[in-house]
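What follows is subunit A paired twice: with subunit B in the first complex and subunit C in the second.
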Partner chain A sequence: MSNMVKLTINETAVQAPAGTLLIDAAKLAGIEIPAFCYYEGMALQAACRMCLVEVEKAPKLLAACVVPVTEGMVVRTESPAVVKARKTTLEFLLTNHPLDCPVCDKGGECELQDMVFKYGAGESRYTEVKVHVPEKQWSPVVFYDGPRCILCYRCVRVCGEGMGVGALGIVNRGVASEIAPSHGDHLECDECGACIDICPVGALTSGAYRYKTRPWEMEHVGTICTHCSNGCKTTLGVRNNEIVRGNNRDRSGLNGEFLCVKGRYAFDFNHHPERLQTPLLRVNGEMEEVSWSRALQAVVAKFKAGGKAGVIGSSRIANEEAFLLQKFARTVLHTNNIDHHRSGDVVTLLDALSGKTATLGTADDCYNAKAVLIAGADLSQQQPFLANQIRANYRHHKAGVYVATQGAVREDKIAKGVARTSGDCMDAVESLRDKLKSEPELLVLFGDSVKGEGVRKLVAFGESLGIPVKYICLVDYVNSRGAMDMGLLPDLGPGYHAVEGAPGMSLPQMMAATDLDLLWVVGANPLARHKLASDKAFVVVQDMFLTETARRADVVLPAASAYEKNGTVTNVCGQVQRLKRAVETVGAKTDLAIIGLIARGLGVNLGKVDADAVFAEIQKTVRGYNVPLPVIVTGGAAQTMPVNGRVPATVLPELIQSSRDTLFTTGTLTRYSKILNEVLEAPGGLYR
Partner chain B sequence: MTFSPELEARFADLMTHYPQGRHRGALIPMLMYAQDEVGAITPDLMEELAKRLGITVLQVDEVVGYYSMLHKKPQGKYHVQVCTNVACMLLGGAELYDHACEKLGLGHKQTQASGKFSLEEVECIGACSWAPAIQVNYDFHHEVTTAKLDQILEGLQ
Partner chain C sequence: MKLYNPPSPLETRVVSRRFGTENSWRLDTYLATGGFEAFKKATGMTSDQIIDELKASSLRGRGGAGFPTGMKWSFVPKNVEGPKYIVVNADESEPGTCKDRLLMEHDPYQLIEGILIAAKTVGATKGWIYIRGEYRYLVDHLDNVLKEAYQRGYLGKNIAGTGFDFDLYTQIGAGAYECGEESALLESLEGKRGVPRIRPPFPAVSGAFQAPTVLNNVETFSAVPEIIRNGGKWFADLGTPKNGGTRLVCLAGHVKKPGVYEVPLGMNMMYFINEIGGGMRGGKKMKALIPGGSSCPLLRADECDIPMDYDSMAKAGTMLGSGGMMVMDEDTDMVKVALRIMRFYKHESCGWCIPCREGTTWLQKMLARIVDGNGASRDVDLIGDLAKNMLGRTFCPLGDAAAMPTISIVEKFRPEFEAYVAKNPFASSELVQVA
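What follows is the complex of A and B.
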């Protein structure tokens, strides 16, 4: 680089790009300058005084977190004056700190503990009585213990700048200073818990995790959050086969350390008392708990009997399960009557983009694109991570943000252009044309109100701007995209190839068919919004809970959750990531295993029924999925290739309907998450 | 919430002192002027100013809590603020504060029933060079002794 600045740190020659902060330049050179308040990506604060260093010719010690490097600067980070300053800073930070480390959630992974251990004094000269204030609960998930707080402002900044919420502040002064929530005694916010994660001490603690375990007694399993389609990596803390914590402090995965309320807390459905652990069989009209072998026998007998069958898959099962399910339907049941709840018109988008290259947006694009258009979606509510990427893009790169939606959205605040619509968004999008045209490039994210011809119009609009445009079609759940890619569609098989024979029935058609003999529902709850017309249909349901659909079933097979299985899922941007089993099932089995057992009962060979083996088949046979295995195996996100060629879709776009989940809902699973229900009922209600 | 035409004129003038997009900088003078008219920083007032400056009530609260000249409860006619921060403390600030408590029959952040005096122990008021210092309403008194304090208080009617 041309603009390099030469300086000396601890007698070592160091080079860093102009404008680099001293603390970062030292880090690049492998020299640690300790700090609490400094946090990469957040505004500078210089509040904690921990990063003081000696700079030659400066009259006093300087805070390395706010001093840019200058040519010829001579810096000492371990001189006696610096060592003494650090000791004193820590002594001050501990004056009113309760030192209740043995019972503090943070004990063992606390930055204050680590700093005192490494840089602090063994004793304190402070003999006054410590100021104590009682702990406060601000929401179902956020607790604040004032005396432990070191006032580093990290939580204030992550909430304001990071989340765009600004629900935390610091009130009062001197020894009375404390963090305060947005509404007097309680928080009205996203309840994302980013403040808790970013807290270097145990001042902010989580309602879900507090006093449950010591950090070192957990196993940490990085897997993909099962809720929305963004595909955030969540690192689950597991103790005694129970998930007790979700966070992503190791910044693995495409989301870095970002998580919303669902990724961080809504794993609790997994241990809900109503989880099904034993198969149920309808005997003389009543549901009875039976053994797996008896339940499977009943299923196999009905499958053998034949008749008109329908298969409904899910947006939450793994790619391997969806692939095997459609293979089973098409090769064993010989039907194209297979579908799932569709939440976005990916199919038309892929068709409209056929023949074009570099037109599919990724999560990285949300952070790097020079301009972003949000069409017909409340991004902050429905796609929290993508919304976070866009906020960070605006903050770090001054990206142009444009909004074309039906109602007010949070992105309005940072938008260069806002247009409202009462229809399918195209009128609003059109009104932004001149502004969009002046941007060097554009990323378009669109929701379920743009479908069918609407998607084609939107792509034509993008083409007409004369700038490079990429698109993201927003969908609802963790594997909504994968379910389509794997061919859980009546007219399209895996990789969007036309099916052999006539297209089958769509989900609503199956529900409305009076002559259906067999309905097999894997991980979905279609009866929540449709009526099943066929009274004679033998219904087989694989699910975690006794949903509306499971109540109508003749056989219910208890299924493993996403946190209890291995496999892969594909996020809203077409990025494939690995699910890693965090806890063992008690009585349930994975959908993959169940499909395999039914196949074995029927005496058919579907190949090796094992997540890795099925994924190998997907890689070989599904268009776009020939992705590098090492990326996935090491916990990375592998981008699927765009489908090159037309998509012969025949199904009507009317079937596409997002569940319009908010930050605090997640389809049927909402009712089984205690935390989400508590948050919904808390005085803050739903913050916009 | 409505203010007098004079205060509104002052606010309007203040807005011209800050560049576009930086109007939140006017918060402190607005709070001070409004406090003089309203008598205290009430929740209504905080909400009104937050709305006018496009910031959150919490952001107003951060400022109100920080500055010792901004009060959420009405003060006495004479609000006596005694600094006991390091410089003043070393030169007798604490004794001065104790003396004021005794003299006025008040504790920290208390107001006489008559409404004449109120007392507050404050952090640094920026008069360290002339410590110990006290502040009565907008007036500073420097190098105060207990005798000088008596004299100051007796001079206030």
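What follows is the complex of A and C.
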């Protein structure tokens, strides 16, 4: 790099790009300058005064978080003056801090504790009365303990700048300063809990986690959030086989530390008392709890009997399970009657893109693209992480954001161009043409209102702009994309190859078919939307809860949740990530294991039924999935290669329908999340 | 308008020359006494010429920091797109300072003319007078004056037929000392929480609403018309060679004739107190003095025989500050002075940064405990140490303002603290003495 600045930190020669803040330059050189209020990516504060360092020729100590490096700068971060300043700043901080570490949630992972341990004084000189204010509850999940607060304003910034919500502010002044919700005594926000996560001390605590455990008593399992399609990495805190916390403080996944309300709190469905733990078998019209072997026998007997079968997969099961399910359907049941609830027209997009220069976008593109067009989707509600990426892109790179939607969305606030539509968005998109044309590149995110011909029109529109364009087709759930890639489609097999023989029935067709003999539903709840026309159909359901579909079933097999299995999922951008088992529920089995057991009962060899083995097969056989295994195994996200070539789809895209979930819902799972339901009752659920 | 103290014949009255005259705040009075001559003269001058006059006048910011005004105005970038603004710091909150209110009460047109000259110099089209919350009564007065000025064509479009346009507004603060700090003032002006900004950028480059902004004290702007009318050299010659001009000093405390007086820089401080202020009240002896507002280090009586100018004060380890001079006689309890000062800063600390927020509170509690008779012997050293730990480490100068007088009081009047502590029978106990 040409624009490098040479400086000296602690007698070490350091080089950093011009404009780098001193605190970052030191970090690059492996020198820690402690700070509370400085937070990468957020506005500068210089409020905590922990990062004061000695700079030669400066009359006093300078805050390293706001001073850019300059040529020839001589900096000392451990000189006696600096050490004393840090020590006294911490002494000041502790004067009104309650030091209730033994009962504080943050104890053990508290930045104030760490700082005092490393830089603080050994004894306290403070003998006055401490300021105390009572703890406040702002929402079902957010508690604020004022005395613990060190006023670093990270929460205020992450809410305002990061989330684009601005639900937090500061009231009073001086030592009486407090963080407070903008709506007085309660929060009207996304309830994402980012404020709790970012709090360096125990001032903001989570209603779901508080007083449950000490941090060091938990096991930390990095897996993928099972709710929306963004595929955020979440590190589950597990204690005594119970998930007590979800966060991603180590910023290990594609989402960094971002999590929305679902990722952070809605893991509690996993421990819901209504979780199925014993197989159910319909005996004389009544559901009876039976053993696994008896239930499987009943299933195997019906599968052997043959007849017209239909298989409905899920957008929440792992890639391995989806792959094995379609393999079972096509090679054992010899049917293409396999489908799942589709929420985005990836199929048409892939076909429309074949032979074009435009490509698929990634989560990184949302942060780096010079311009972003959101067509027909409420990102902040349905794709919270992608929305966060775009907000950060606007904040850090001044990206041009364009919105073409049916109604008002949060992105309006940062948009360069806003157009409303009552139809399929193309009219609105078209009205933005001139502005979009002037951008150097574009990333288009489109929702389920753009499908079939709409997708082709959108791609044609992108081509006509004369700039590089990338597309992300938005889908609903954690493995909506993977389910399609794995071939849970009546007309397309794994990797979007045309199926052998005639295409099968789609989900609505299966539900409407009066002559269906067997319906196998894995992790889905089609009866919530459709009526099952065939009265004679023997229905096998694998699920975690007694859903509408499970109530109609003849056999219900208790399934493990995504947090209880290993495997992989593919997010909305086609990034493959690994699920890691965090807990177990007695009695439930993974869908993979259940499929394997049914196969064994039928005496069919599906190969080794184990997540790693099936993934190895996926890597070999599914187009685009030959991804580097080490990336996934180490908890990273591996981008699948785009499908290059025509996609011979025959099923009407009109069947595609998003569930239109909000930030607080994702179908069945969130209905069983106690915390999410409590939060829903809080006002301002759909805050924009 | 009432004048609170009769003028002294020993004053050199420049900015205060209309104080006390009948209807001094009316435009007609102003016009009859040379008003807007400077502005008309300035319209015929280039920006550089005006700034050169200011530099020649050696006018320095009268708010407390004493930054050369000409230089400040020269920092405003030329040839940039977008608006530029003028902001008047009328958040006169420094304890002991009461001069800006007189300027606004008695001679608001002088201020307006100063603002207009500044606007002409940098090319600003809009300005605000940011008035401290406690000066609520001034808002109506100034609004009336602004109304008259608009009606008579001295604000708005084509001012006084010069073709120059300028709009001026009043803005009331909510009563925070911190908003006297220029960047916190700008935040407050913009409707935000009054906390200081990270600088650079300085207001001259990015001030109100991110536009280049000239931000000066009321007295600074008020001095401009006379400087332009009579020339910078004339003004400079009123003072001493390196510290030109006159300034208002707000004399308070145990003197016979407290009041606001305009004196040339470089006047001997004891001469000022004895001749203009009439000497100590009740025949008492002088003990100490705060030279320029409560944030300045104190001087003992024996240190006060010095000229009142920027350099001599710096040499004595203190500042001219905002001109709020408080004289204390021999009966004054210096521990209580320290407490009173700290109570003020504890109350006014905005809470933004840790050392100021926590330090002022700690010091206030400790000083209160000592005054209550529960002091410990170690407290005396601790006060000085804590104040030094705040000094130079806070985000804005408020922390320094709290630390500097405290350090000087403990250093100069240590026996008084020790006497307080000695009254506590448990003073040397290792036990905690919390009342």
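A few notes on this one:
Keep this in mind: the second predicted complex is superposed on the first by the 683 of 688 C-alpha atoms of A that agree within 3 Å, B and C clash if a C-alpha of one lies under 4 Å from a C-alpha of the other, contacts with A are read in each partner's own complex, and residues count from 1 in each chain.
As a working rule, a contact is a pair of C-beta atoms (placed from the backbone, for glycine too) under 8 Å apart; a residue touches a chain by one contact, two chains touch by 3 or more.
This structure is a prediction, so every number in the text was calculated from the model and none was measured.
Subunit B and subunit C, once both complexes are superposed via subunit A, clash. After overlaying the two complexes on the shared chain, residue contacts for A:66 are found with subunit C alone; subunit B is out of touch.
Legend: residue contacts after superposition of the two complexes on their common chain; A:287 is shown touching neither subunit B nor subunit C.
Residue contacts after overlaying the shared chain place A:74 against neither subunit B nor subunit C. By the touch criterion stated above, A:47 is placed in contact with subunit C alone, subunit B being left untouched. The larger set of touched subunit A residues comes from C, when the choice is between subunit B and subunit C. Looking at the shared chain after the overlay, A:221 reaches neither subunit B nor subunit C. Looking at the shared chain after the overlay, A:121 reaches neither subunit B nor subunit C.
Judged by the touch definition given at the top, the superposed model places A:99 against neither subunit B nor subunit C. By the touch criterion stated above, A:131 is placed in contact with subunit C alone, subunit B being left untouched. Of the two partner chains placed by the overlay, neither subunit B nor subunit C lies in contact with A:546.
Among 44-52, 62-70 or 98-106, the region of subunit B with C-alpha atoms clashing against subunit C is 62-70.
The intersection of subunit A residues touching subunit B with those touching subunit C, taken from the two complexes, comprises 169-170, 172-174.
By the touch criterion given at the top, residues 44-50, 52, 60-61, 63, 66, 84-85, 88-89, 91-93, 95-96, 125-129, 131, 150-151, 169-170, 172-177 of subunit A touch subunit C in their complex. Of all residues in subunit C, those touching subunit A in their complex are 176, 178, 193, 198, 346-355, 357-362, 365-366, 369, 376, 382, 386, 389, 392-395, 432-434. Residues 56-59, 61-62, 64-68, 123 of subunit B touch subunit A in their complex.
Interface residues of subunit A, counted against subunit B in their complex, comprise 166-174, 180-182.
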